[in-house]
């Protein structure tokens, strides 16, 4: 296996990633202080309040538009606003030979072992597609998003499934405060143990889900890319939850991804991969236009 | 401070209180043999409960610190992270203070004894000595606190390494017990000034105090050898 | 005397005894309900127990019990039962009430300590139960709380953070309470005996309590520091019990160099005597009840006392038999094995004395007697399985299996419980001035006796077949065949548990509407039966303390009152009981 | 009432004894070379314990039956011999019994713990962790590479924390989630725990040994019967305790070699 420190899956490292990736959001210049910044200290609270008024003035049109759009989006499945908002799309490539992924022996849980008997599962530290595409990369806007659209919480409730002793999907991106469901499709217990950066705003929890237990419905309260999720009963099970603000996407096995509903503007785009960490690049999105942003990771 | 006019009633032998008085929660007669009892029963005087009780208390305290000691020894053998730790100098001063307090307390006890045998007449002196003991005791606890501050200034906190852990735990537990002894002293002084002091209470308190003294010397040696 | 002073912060040992009894009763009910939940889960793993999610939303999503919640229930069941029932009821409750009376004193020498002892224990119980409602529930580490699982903190699993801290705090508090209690018990026995009451003239109950308090004094004084160190490992980040380089959930733990065996040594040095703390008072009570109802003294008063003393002494040399396979030096395993085998000798002597004394008795069968005899039967059944566990070689096969669970449930759980019941049916008239209902009592006895055998005998078989304890479900292939047995046990457990409600009803009903009792309903001889009134007055004996003229058990003699002479009566008898 | 009670005791006693006599539930069949003495020890103890159990329960029942309704005019009397007789009996019978058990027990115990493993014993390393066992075979070079706890990552399945890029000894180490051993070959099992206390229990092998964090322990055994057995954890280790198991396959030498090749390929 690779010896690159980034390959060591340790939450501390995520702590770092998170710091880099999220710095712009966390200490905004006041002008872009998000409204729902509950971390604001009393002193900063004042400032924020004053700025808020200015924000309101500056973004009054954006506000009304967004409000309207959100309604439309909710009612008509976000068809219309494609006219106003743009897209960001691109592919994520991996150059060099991807590191060897170990085969997972699930003999401890005969059911899962049986399910995977035909094609054994491997670790998913680096999943390279057929044509050099890199799968399971989180792409999100780390900087430049206006508070309104940043704080918009999608109404959909994604599902994090535990099936045949694997997490489906392996990497999931959710918005801050966006509810998601954790379900157990296996005929035995799993325990879901997300490990956010210690001391961070998100808190570690560890709950078991016996067969037939109802889904766990919960959400994360602060951005963090990414939270490692483990199942202690089946130590090989590993997944990630990227908690972001605003649009985000996960690359498929060809490495391609698409961020929808991006309001026009200049952004810093961040791609994060569990083994290789984060990359960023600037991107400009015009109204109704589709911006292109490719990332390339180098296998060490 | 108490005047001496009607002192003599104030200190009583516990024996006086041992008539089976209804309602008094404390006591019963000594188990003398009834006229046609069985000779095995003979035990003509049973000590007042507090003097037996104090030995019971000391026994359990001994067990507690024995447990801590064995923990220390096992822990030292268990891993290579045992660092040497130089004890704060003030500990030795504290030791002297505590020893001195033991002496003063003993003086007080002797005077009370003399007073009860009718040799001495003054009860104010014992009170004075008791106050001195109390003061020395407080001084000791304060001294221990200073010792902790000194250790902290060296950057040695409770969790820094096993030695500092054990140092803080053992000294703190001992200081806690000493504070208990201080409480006992206050009670004795209060009894002496306000109401009736039973000799056995004073004896018990002083036994406890001397034990704290011996315990501290033992702990000091232990820490000095092991840490 | 104000209500508070009289009934809540009372200094009267009798009130305190009743308070202890009430605490034990509540704790026993809680523990029993927990065991029901566990049993249901073991029989039908995915069965949704209605309303379970009220007890713990995380622990029972959709009322289905999660693995961690099972372990949490198990830990709480064990802790509550061992500490707050088996230690408080036979020792603290009955001891507080009857020891001063039996030695002929007006009260314990330190009534304030006595009161503190109860209220401290009570706080301990509250703290323990509170852990159900704090953080992610109580600890799941088992009542032995083996480090490092108990010391690494929340990363170890649900309840391993706050839960353990609350657990350790509660136990430390409990230790303080029991130390205060022991102080009173010992001084009462040594200093408060009335005129003529020599040590040898103490009834066997008093001896049981005295020996127990001596054990408690040593055992709890060792457990408390252990708990303090455990708490420090949690809250202060020290490393007494946590070794270096532990990796949990891919996270390297910050601790370094602690010794995990240290906890086991400290814990079991307390833990094994604790077993005898639970059972020795029961032995005293059972002997007392039996003698009164056999109308003849035990074959030898002193041999029984010596044997109980031997148990107490040996119990400190054997604790290592809990750690045969814990990586202890195999030679020390043998060193611990021999005293463990030797401890069967005093136990056997006690049993033989009981059996031998039955010979030639005029046995009077009432509920108390039945429970006393049931105790003997249980003690034998649970005792013989000790033969196996005392041997390291066999322990390789039986360690941590249901065999062990069956063993200690019978010998210290059920037996001690039977002792408590015997004491209750025997002394209830004296404590509350009313008789308990015999019919209900007998029904209660039959259900309990048959039921407990039905529950705990199969445990031994399962254990021999390799059924590991502390499993919430039997997913291991070779354990699937055991599930039907577990279902049988579950049914038996529910039945037996339900039958305890009869006892509860009997207790409450008789307390208020029972037949008024006479001063000496069982024609007993010891001092608790010579109190001027029933229940005894505040100072037990009125204005004059009794004088003692005889050894405790003058039965089967001719006298003016019948076939017995009370300790306090100056009547001359040829004592049937001088030979020992 | 008393008679019913006496009968109940006897019935319960007999019912309890039946499954033991019939071996309805009994120790799993022994597949180890050292297990024989343990089983003998077990049977002897069962015999002695069983006799004392039956005897004392029945005596208890008989006495209850007989003395709960004494004949009219019957006086209480003491057992002939009295306490001294009983004490003597207890000390002699039980004393002899337990001493005997103890001494024989030493033999059985010594077989497991006092004999050193043979020089040609096959070393296998087992690591316990929440909540799975992992095994390591030294590979062709016969050497185990050093462990780096800080590198342990179940996510990338580097469960032992091996540094294959820098430790030549680790390169050919074979890590498996299932244990396989050749038949009739002594295995020297090197045990360590990565997190909390666990235990290694294979009933058929007559082996139970705790993993003690911070200590490296080892046991050695020889399996004499091929088959697939289960390794279970008997030391409470957390919420997954009940599910912490691994399979142990005892195979012929050639099967084992091919199995090992397959595993090596899967690394």
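Every chain is named by a letter (A, B, C and D) in the order it is written, and numbering of its residues begins at 1.
As a working rule, contacts are C-beta pairs under 8 Å (C-beta built on N, C-alpha and C of every residue); 3 or more make two chains touch, one makes a residue touch a chain.
Just so you know, these numbers come straight off a predicted model, no measurement behind them.
Enquirer: Tell me which of C-D and B-C has more C-beta pairs in contact.
Expert: C-D
Enquirer: Taking each chain's centre as the mean of its CA atoms, how far is chain C from chain D in angstrom?
Expert: 29
Enquirer: If you average the Cα atoms of chain B and of chain C to get two centres, how far apart are those centres in Å?
Expert: The answer is 33 Å.
Enquirer: Could you grab the centroid distance between chain A and chain B? Build each centroid from C-alpha atoms only and quote it in angstrom.
Expert: A distance of 64 Å separates the two centres.
Enquirer: Just give me the whole-number Å value for how far the CA centre of chain A lies from that of chain D.
Expert: Distance between chain centres, rounded to whole Å: 48 Å.
Enquirer: At least two partner chains per residue is the criterion; list those residues in chain D.
Expert: 129-130, 153-155, 214, 238-240, 243, 245
Enquirer: In chain B, which residues are in touch with two or more of the other chains?
Expert: 78-79
Enquirer: Would you give the residues of chain C that are in contact with at least 2 other chains, written as numbers and ranges?
Expert: In chain C, the residues touching two or more other chains are 66-68, 157-158, 243-244, 249-250, 252, 257-259, 261, 473, 475.
Enquirer: So, with touch as defined above, which chain pairs make the list?
Expert: A-C, A-D, B-C, C-D
Enquirer: Quick one: which bits of chain D touch chain A in the complex? Just the residue numbers, please.
Expert: Residues 129-133, 151, 153-159, 163-166, 176-178, 238-240, 243, 245-247, 266-267.
Enquirer: Would you mind writing out the residues of chain C in touch with chain A in their complex?
Expert: 45-46, 58, 61-62, 64-69, 136, 154-155, 157-158, 249-252, 473, 475
Enquirer: Mind pulling up the chain B residues that touch chain C in the complex?
Expert: Touching chain C: residues 20, 22-34, 36-38, 40-43, 46-50, 52-53, 56-57, 59-61, 63-64, 66-68, 70-71, 74-75, 77-82, 158-159, 162, 165, 169, 173 of chain B.
Enquirer: If we count contacts the way the header does, which residues on chain D are in touch with chain C in the complex?
Expert: So the residues of chain D in touch with chain C come to 1-2, 5, 8-9, 12, 15-16, 19-20, 24-28, 37-38, 41-42, 45-46, 48-50, 52-53, 56-57, 59-60, 63-64, 67-68, 70, 74-79, 82-83, 86-87, 89-91, 94-95, 98-99, 101-102, 105-109, 112-114, 129-130, 149-150, 152-155, 161, 194-197, 199, 201, 203, 206-215, 217, 230, 232-243, 245.
Enquirer: In the complex formed with chain C, which residues of chain A make contact?
Expert: 9-11, 188-189, 191, 193, 195, 204-214, 216, 228, 230, 232-233
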